[in-house]
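So that you can tell them apart, the chains are marked A, B, C and D in the order they are listed, and the count of residues begins at 1 in each.
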Amino acid sequence: MRTESTIVFSARPELDRPILIEGLPGVGNVGKIAADFLANKLKAEHLATLTSHHLPPQVLVDGDGVAVMPSNEMYYLKDVGTSHLDVIFLIGEFQATTPDGQYIICEDMMKKVFLPYDVSTVFTLGGFGTGQVKEDGRVLGVASDTDMKERLEPYGVTFSPHEPPAGIVGASGILVGLSQQYGIDAACIIGETSGFFVDYRAGMRLIEVLERLLGLELDLSELEAMAKQMDEINSKVMKYASQQRSDNLGYIG
Amino acid sequence: MRTESTIVFSARPELDRPILIEGLPGVGNVGKIAADFLANKLKAEHLATLTSHHLPPQVLVDGDGVAVMPSNEMYYLKDVGTSHLDVIFLIGEFQATTPDGQYIICEDMMKKVFLPYDVSTVFTLGGFGTGQVKEDGRVLGVASDTDMKERLEPYGVTFSPHEPPAGIVGASGILVGLSQQYGIDAACIIGETSGFFVDYRAGMRLIEVLERLLGLELDLSELEAMAKQMDEINSKVMKYASQQRSDNLGYIG
Amino acid sequence: MRTESTIVFSARPELDRPILIEGLPGVGNVGKIAADFLANKLKAEHLATLTSHHLPPQVLVDGDGVAVMPSNEMYYLKDVGTSHLDVIFLIGEFQATTPDGQYIICEDMMKKVFLPYDVSTVFTLGGFGTGQVKEDGRVLGVASDTDMKERLEPYGVTFSPHEPPAGIVGASGILVGLSQQYGIDAACIIGETSGFFVDYRAGMRLIEVLERLLGLELDLSELEAMAKQMDEINSKVMKYASQQRSDNLGYIG
Amino acid sequence: MRTESTIVFSARPELDRPILIEGLPGVGNVGKIAADFLANKLKAEHLATLTSHHLPPQVLVDGDGVAVMPSNEMYYLKDVGTSHLDVIFLIGEFQATTPDGQYIICEDMMKKVFLPYDVSTVFTLGGFGTGQVKEDGRVLGVASDTDMKERLEPYGVTFSPHEPPAGIVGASGILVGLSQQYGIDAACIIGETSGFFVDYRAGMRLIEVLERLLGLELDLSELEAMAKQMDEINSKVMKYASQQRSDNLGYIG
């Protein structure tokens, strides 16, 4: 009688073996930045909304003071770039609150949306927190099989044994694992990030990979501006923290 | 075979598209103070009791030494004030112990009580902990849509973008979100409070909004007395804490 | 297909509206000490075993090095003392690991054992941790209704408004609450204890109440011996702790 | 509709009342070391894979950069050593994330694999963390009954009352408990270990027991090499820690 999750479709477009691009919140919000930007920039259209007992028990408030139920949202695009691929985006503000909730939500979307739409490839986006602030960072991949590796390497994705060492936790991991079980090609594309803050530059590196993959060239200047704003906040925080340390030393001394 | 929640009706009154007023425990117990006061002062009659596996596994003890099972209680009133509205109150000592329990209990009441009674509007009451002790505080609203905002602003409810910043957690949030899904008008009405203690004055500010909404004028002197008692306790705690601090400084010095 | 709990009967005695005496582990193990002692001393016979997903995921090891699955065990006695009451005991080494597990296990036993055996009264035994080491302590009661209070007061049970202030958590509480729902007389009988250690004396005070209730007189010297052994351990711990404190002071000084 | 766990068979060999040897991760990974080594050394063949909502919500990354879904894996061997026993191994990188998940996964494998294959005896392997680094350590047993004790003692397994004192937590415990319920002979065979690091020597002591039991003689030099490597790491850590301690003392002084 009770349905743990509910998926409501707002449109029933015909899609030709679409690829899925997932970017839910995670380490440095790297995957979320990339997927939100693409869906928004390319004016993806709304496909479906998942709400679930396994998302946090609350509402958020939007810019109008209107309540927004936690959800995972699916958008679609047809005939993208020179690849002419159809695309489904999976984005949202939350992932499930419990381990089994993570599996349940991913399986629900797999069975009710991705399998019926005959998704050809699943790309999940994520961040890999290295604990080190660096100018540059790799884009790592974890593939559903070795063919997938060879398919992604030309786009600038590095595959490295046992990296990330702790694996990929959450929807980005499970969707790749489920894809293996259902025989769907899949990969997680992961931007290296310190993990200490929202990392727009790592997000941009993921977008660059997806641009090549989809045959697109996009204006990323908005994200560059966000990254610079973040740099300023960070440098203030750093200055403040180092000031605090010397003050404290003075006090102790 | 097993029912996670049980709702037992003690009366089956005819109600004309009642509004729901929810005031379960939360930040500063602001919503609970307001809803308990109204239900009590207006001599609301008992409608139904929900008990559930998702409430804490215990009993409370009443003033007679008699056990009281954790529950959510529903009361009703007909033809209230100059608004002539019928009202259902949802009150209790506990909310669910787990995230999905929160959803499950709210959906149970929605499906078994609020939808069958054709509730016209859901008002959930809550507190917004600002971390600052202030003389005054706003009554904030989070609406199910922009029409609802316009309906509530004349009663002294302020709508502010992205406030509260963390959204509304628990039954007060979920019931607004579920109302959106079922097409019921809804709003959470939230009293600003420090969040450090049970805040009768913030509760009184919510009652004043509801008085206007229902066309009522009530004697709030009991709550004023409770607020003063709380002030005294707080000032003693403050004095003690500041004494402790200077004692400690002396010790360190 | 899956059964969360399994109840296996080892006997199907005819019992005449038995009372239930529950003594699962809890604060100071007060209830467990009393129920284990009575069931053992009176040579109660095995009735049924509950195993469940909601008990801890492990086995214990007995005195023979043989594995023992976590369970709740039910024993029975016929025609006890001058009361001529039939009795079911509910004892075990564990309670459920989660809040809803607590409800599920108690309801399972209620529906599959206590209701079919037409239990006339449920007595749950517990401890109330006061945080103070005292020579003496009250036996408090929390009743299913005021009649039950009057029935128990003559046996030396004190009923006090809103005591214990936090209510009764776990099986001792839920079984009283469920009894109210099913129309069974019930009370929780609670021994005051410091809550710092296994309290045999508080357990003995509960047994004395049950002796009066059942019309029995038992030799409690074993428990007295255990209590004395505990006293010695405690006094050693105290001496050691106070020694440590003065050593530390010396070190700091 | 939803299946919490999925077991997929890759082979359907005929096995003659096989014994089960379980070695999932646990204290010091003692059981895992022994079971992985045996399955690998004896070239056991793949039987079945369990994936489940109750395993961690993630994927691991293998040496090719390919995703690996968390799973419990079953392998089989026929006619092993001079015992001529058929064997099923249960190994994997994870156990369930929750208490009831532990029961659910073990029962699933029991009902869908071990009972249909008419498993004659269940041997679960584990570690018992004593908190003390010792040259030597016992191999302790916890049996399903006293016959099982007598069967295992000749192979060098010690049975000691109430040891391990906290029982056996996780799959190694539950599988023995479930075996008792289903009337299958079972024992947990446990290597004493400090519990501070991955203990290859404790694993080797378990393997020696299983060699005798299966009538085998294996070359353990790989494990001896791993143990020595571990010794070196430990001695470096020790040296570093003791250096840190004296540095700190210097600083305080």
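The rule we apply is simple: contacts are C-beta pairs under 8 Å (C-beta built on N, C-alpha and C of every residue); 3 or more make two chains touch, one makes a residue touch a chain.
Everything numeric in this text was worked out from a predicted model, so none of it was measured.
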item: Copy pair chain A, chain D: interface residue numbering same or different (half cut); value: different
item: Centroid comparison with chain C (C-alpha atoms), farthest chain; value: A
item: CA centroid of chain B to CA centroid of chain D, Å; value: 52
item: Cα-centroid distance, chain B relative to chain C, in whole angstrom; value: 37
item: Multi-partner residues of chain C (at least 2 other chains); value: none
item: Touch-based graph of the chains, sorted into line, ring, star, complete or other; value: ring
item: Which chain pairs touch, all of them; value: A-B, A-D, B-C, C-D
item: Chain C contact footprint on chain D (complex, rising order); value: 96, 99-100, 102-104, 107, 141-146, 149, 159-170, 173-174, 176-178, 180-181, 186, 188
item: Residues of chain D touching chain A in the complex; value: 2, 4, 6, 51, 53-54, 56-70, 97-98, 101
